[in-house]
Amino acid sequence: MLSEDIGSGDITVAATIPGNACASAQYRTKQSLVVAGIPVLQEIVKLLDAQIEFKAHCADGASISSGTAIAEIRGSARSILTVERTSLNILQHLCGIATLTRQYVERVAGTHARIIDTRKTVPGLRVLEKYAVTCGGGTNHRMGLFDGVLIKNNHLVFHSSIAVAMREARRHVGHLVKIEVEVRSLDELRVALESGADVVLLDNFNPEQTGKAVEMTRGRIPLESSGGITLETVRDFAETGVDYISVGALTHSARAADIHLRVTSE
Amino acid sequence: MLSEDIGSGDITVAATIPGNACASAQYRTKQSLVVAGIPVLQEIVKLLDAQIEFKAHCADGASISSGTAIAEIRGSARSILTVERTSLNILQHLCGIATLTRQYVERVAGTHARIIDTRKTVPGLRVLEKYAVTCGGGTNHRMGLFDGVLIKNNHLVFHSSIAVAMREARRHVGHLVKIEVEVRSLDELRVALESGADVVLLDNFNPEQTGKAVEMTRGRIPLESSGGITLETVRDFAETGVDYISVGALTHSARAADIHLRVTSE
Amino acid sequence: MLSEDIGSGDITVAATIPGNACASAQYRTKQSLVVAGIPVLQEIVKLLDAQIEFKAHCADGASISSGTAIAEIRGSARSILTVERTSLNILQHLCGIATLTRQYVERVAGTHARIIDTRKTVPGLRVLEKYAVTCGGGTNHRMGLFDGVLIKNNHLVFHSSIAVAMREARRHVGHLVKIEVEVRSLDELRVALESGADVVLLDNFNPEQTGKAVEMTRGRIPLESSGGITLETVRDFAETGVDYISVGALTHSARAADIHLRVTSE
Amino acid sequence: MLSEDIGSGDITVAATIPGNACASAQYRTKQSLVVAGIPVLQEIVKLLDAQIEFKAHCADGASISSGTAIAEIRGSARSILTVERTSLNILQHLCGIATLTRQYVERVAGTHARIIDTRKTVPGLRVLEKYAVTCGGGTNHRMGLFDGVLIKNNHLVFHSSIAVAMREARRHVGHLVKIEVEVRSLDELRVALESGADVVLLDNFNPEQTGKAVEMTRGRIPLESSGGITLETVRDFAETGVDYISVGALTHSARAADIHLRVTSE
Amino acid sequence: MLSEDIGSGDITVAATIPGNACASAQYRTKQSLVVAGIPVLQEIVKLLDAQIEFKAHCADGASISSGTAIAEIRGSARSILTVERTSLNILQHLCGIATLTRQYVERVAGTHARIIDTRKTVPGLRVLEKYAVTCGGGTNHRMGLFDGVLIKNNHLVFHSSIAVAMREARRHVGHLVKIEVEVRSLDELRVALESGADVVLLDNFNPEQTGKAVEMTRGRIPLESSGGITLETVRDFAETGVDYISVGALTHSARAADIHLRVTSE
Amino acid sequence: MLSEDIGSGDITVAATIPGNACASAQYRTKQSLVVAGIPVLQEIVKLLDAQIEFKAHCADGASISSGTAIAEIRGSARSILTVERTSLNILQHLCGIATLTRQYVERVAGTHARIIDTRKTVPGLRVLEKYAVTCGGGTNHRMGLFDGVLIKNNHLVFHSSIAVAMREARRHVGHLVKIEVEVRSLDELRVALESGADVVLLDNFNPEQTGKAVEMTRGRIPLESSGGITLETVRDFAETGVDYISVGALTHSARAADIHLRVTSE
């Protein structure tokens, strides 16, 4: 992250800031937000210059209002000015995700449903983005292709039926692996239940269909709603009694939070 | 990008798809968009499996409508299913940026103003995101701290005046380096002009103030508008005659484009 | 792997073999063994010199007798002699693991039990060693700490009971994650079953105790036997009806298979 | 080493151990062994978590009995539980090598012979394994292809005689490089001696032939015995007066030592 | 830098210096020179062994006479002896560049001209070498292909005229980028001036032609002299009034400075 | 090498050369030189753009006159212009070393002495520079600290005498390792010979002292002259009968050869 911004050197700082100048600076939000990424922020700042003092003013997961100071740093003015943009970029990105996640979580408050993320993350930031989701109160789906089986439509293309795919999968996977299957209709759901799926993903079901799926399943296994669910529609899904609602937008389309670094000469 | 998703292996594919199964697949958009990232897409697909055939159906910068096929791949079913999500993630991200950029560019059509990006990019993707901006018709600001001097308010904190900072900077930088200065008022603009700034950034000026700045400058050097400019307000700025309008949202807050991979067994 | 052996260059080859000499060479076993690692072998050979032709004479998982040729290479004599030791080291290591695994698998033939590996692998070779286990007919336990929950005694130290630990774990993990708990007595097994464990590991149970555990569980969840099980004792465990038998020695203590490279000048 | 085990995170620890829990833990052997790898152990533990205190209870090369504590760590319970397996894997591997080496060394006690290792090491661990051999009392052969010339049968295939190969080699190598030649008969040994070899490797000689080789050489240069020498036969070789006995099994086939980590909540 | 020298270990030190021996050592020059690279020296020493104390006796840019101590280290004798050569190699290289640069700078003292470097640097050391040039009193040309446009003859091959190339370039580059054009005659200079070049490089002009170029340009834009300029000829160029004189030899052909490390046992 | 020059992109080429333009280009020398680095040149060119055709016109080690074409490339104009400087930098550097080495070798023609290099190489380029020395007809000393023992004055500081250091070293090093000792007087040489040194380095002996050393040694072991030997003095040393003459300047102070790339549009 730092090297793509700094490259062969910060020429503005080299040309305008004395090497021995000292500064303090505050990361301060200009909007209300949910905090995520304090340890990452500290890591990046220390990575550039281990001598910078870092002090957090709030913890990941905290909900703060506009104007609040998130963290404070103190040390070499050159280092602080050089790290400004990169550190803000990651902090704004993670807080944006946590804040959007919190909105979804609040919309489904009082229901049984949990908001979960997807693998639709920005390339290179998977682990950090999924962490931000948990700061917002969401739960993580699998981290990648390596830690859970999800048989989607594109896999079913190669099998005559869900039942066959399920049987094949069960035969191969380890004893700690659950198998989730994506279904597009109540009929497919019935097959998935009979085939011993551990979890079923309801692909693009509307709330009414989702309600029928919940009835049909009667709590035997968890159900996950997925596909184009928005802040406007999420409550309708949650009230059907579905267990999980996955939202790709949490990670691929959250707006960056509006955070600034206010620098003071010392 | 691939390793964060694949990790120790794609266990769904290993459990459900025969090693010798073949497939073809189409990257297909579900919205109208501006294409960006075809070469990156090809690179990622080939990186996972050099044997996959890749055929682009349109070029970066093209404006396409919902339902259009962007590219097509053919080869090992396992490889195609494994690369699906990672390749979509980057393609959706870059097309999202290009599409948003194009909207800004179209809003200012007919004026002198050019839409430019900022360093507010998602960590790790700077070069690719800036490339997507050019696909959308935007122009790149500096790539990082290494290829241009921009003296911002946080730098000016360490100097008694813009004039002093400018003099200091000019003394240090190489002969191919331009110096841009951020100003917050017409008074500061006047000082910047007198100090020999090569470019001036008008920080959070409204359109009226921007118009006065354009008048005061009379084309001697380029002016850049910056700060919270949206699709709604961008035209007002453009019509003042300002040269550049920078928009951080192009890269930090574009929504991912809605693109799917449709897989067919062969 | 190659660089630790070659370092600043193979000085024997440089001093004794002409740059344009050609050779062919056969990887040939001096013992009966189960083959594992053909694709790795090819990768290493091609990595050193992409011009070398590689031809496999048998497939991973094949059981072959002493004297059989496993693969053949042809090309630059210098390259072949330089790659000899590194390629043999990895091939001998993986075939050793597959061969030992096959012996365990054959000992439990006809029973319900499956032989599985552990995380007791040689540092740096986890994925390859676990692959070799599957070549020998074994099944993989989790790949690492990231793809399965196994609550061991050392974790239970921090909880008042298995029930509490289970409840805590269930509350935190994703919906595709199974929870396995290690127990040291039938009493602990009873608690684990009541607490909703997905799998139970029987730590250092003898065959008799294992039989009782199988009875108590009545197939509700899978059971795994673990702890010092050898070729001599594995059948006794298998006959109790236990589902999985994990053997650390498969990966940490298999003897390297005896394979040589016979080089011919061309 | 750590990343292959931890990957995207230790989900058991995250789900069951509070972030602020503290622990101490002892690395304790369940067999008598020769210690090797204390500094590596410390490095790995500190790499995961620099805050963990590390205290060694014995030194590399020490011979200890079953039940002895090797080292002790204290700090974050999460870190200690996460590092457990990886740290044990490398410690068990290195102690296994040192312990086997010590057995060979003790078998030849009182003779002139020194036990040396080979390049038959587990890929990726060459330097550590060779270090473990010295902890066991063995001596290192060359580290790789870069620091010594050993003309083996596979090199001689490209030359009309040992004499020609020797002459060629001497002409090319630097003035600090010794040349060792592999011979398969007393006749070849005679040629090697006449050709000015600095060291000769007796390939698969039995003890009787080895004795004759020692006589023929009369101490002019060192001789190395190599090929299938076991704990049972090593003394017979040593008593011939040969200078070095190389044993591939030291590094490629040592059993992992039986060491556990006993964790206590603090 | 360290790993290419140390590789699998410093066998001289391991064989002759006790692990607990302590030493102090002085970096001492045997010629008069300009110092460059103190922070790099410290970095390398600390990288090998963080316990070594490092104390600089002079600062980068200082002009010192033969026999002066540059820096002093104290700590493990093994570490000091192992780091000796690598640390000297980089220090001698950088001081050599700074010293040569200072000679050029002194030759042009009193004129308007500044001595600048080129991209003719030793592969892998660009940033450090350019830093050494500034220690000697020189100024940096662009760091690489990424931070400045210089249209050279080899680019002009693809255009019908300098004017066309200039127009093309201006249309593409960002608003903080200056464009320099290489010319080979006064006629080409005239075209470059008319085309709006920001800087012009006079390729292989002799001093007389350079003087005419300065006259023709009349200070409108900076001029750079380039091509085979030596310590003997540099003053003639400087006296023409040219702004910059670039010298490739500063970085590609400076002699290493003569610096030794004097070690004392403690 | 490429990334330090290209960084975030070659903006000159992007702004002035069409993406589909083709070119051919010749690496052509402007001085007589000894060629070194053709395979490296090819590697770098192919690394940037695998589609570029590469054709060598002469071989490493060849002595060529001014104006000769060394190699020719053909392909994308953008790639050729981007790779120009980096490829020239390494080629000029290596040819410079080979050319200087050849001069030393020719000065000692007819004597027994061989010209050898040292570890005084430019950081990061050790292996390539040592290769260039062999292209010039020189011989390589050890590659680093890992492949030969050289006990220098700085090591002897820690021992009461050369004899003690030699005994210590012999006890520790492997059986393929030679031991060279640095001596500063004929008395020290006598001790070194008695202590069984394999090679002796005569540190800063003048030719007369060197002659006496050769007499005293009577060919029992090789002798190496070292310390400030120049093109002017090297013959005097060679005629004493010394075996090796090491010259640090070969690698640390050779001037870059004068080579250009002549580009033609196609």
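Observations on the structure shown:
When the chains are written out, they are named A, B, C, D, E and F in that same order, and each has its own residue count from 1.
As a convention for this text, a contact is a pair of C-beta atoms (placed from the backbone, for glycine too) under 8 Å apart; a residue touches a chain by one contact, two chains touch by 3 or more.
These numbers come from a predicted model, not from an experiment.
Shared contact partners of subunit B and subunit F, listed by label: A, C, D, E.
Compared with subunit A, the chain whose C-alpha mean position is the greatest distance off is F.
Annotation: 46 Å between the Cα-based centres of subunit C and subunit F. Each chain gets one centre point, the mean of its Cα atoms, and the points for subunit C and subunit D are 22 Å apart. Across the assembly, subunit B contributes 4, 7-9, 126-127, 143-144, 146-150, 177 as residues in contact with two or more other chains.
If you sketch which chains touch which, every chain touches every other chain without exception.
Within the complex, the subunit C residues that touch subunit B are 126-127, 143-144, 146-147. Of all the residues in subunit B, the ones that touch subunit D in their complex are 4, 7-8.
Residue ranges of subunit E in contact with subunit F, taken from their complex: 1, 4-18, 21, 23, 25, 77, 81-82, 84-86, 88-90, 92-93, 96, 119-127, 143-151, 154-155, 157-159, 165, 168-169, 171-173, 177, 248-249, 252-253, 255-256, 261, 263-265. Subunit C makes touch with subunit A in their complex at residues 116, 139-143, 146-150, 174-178, 180, 198-199, 222, 224, 243-244.
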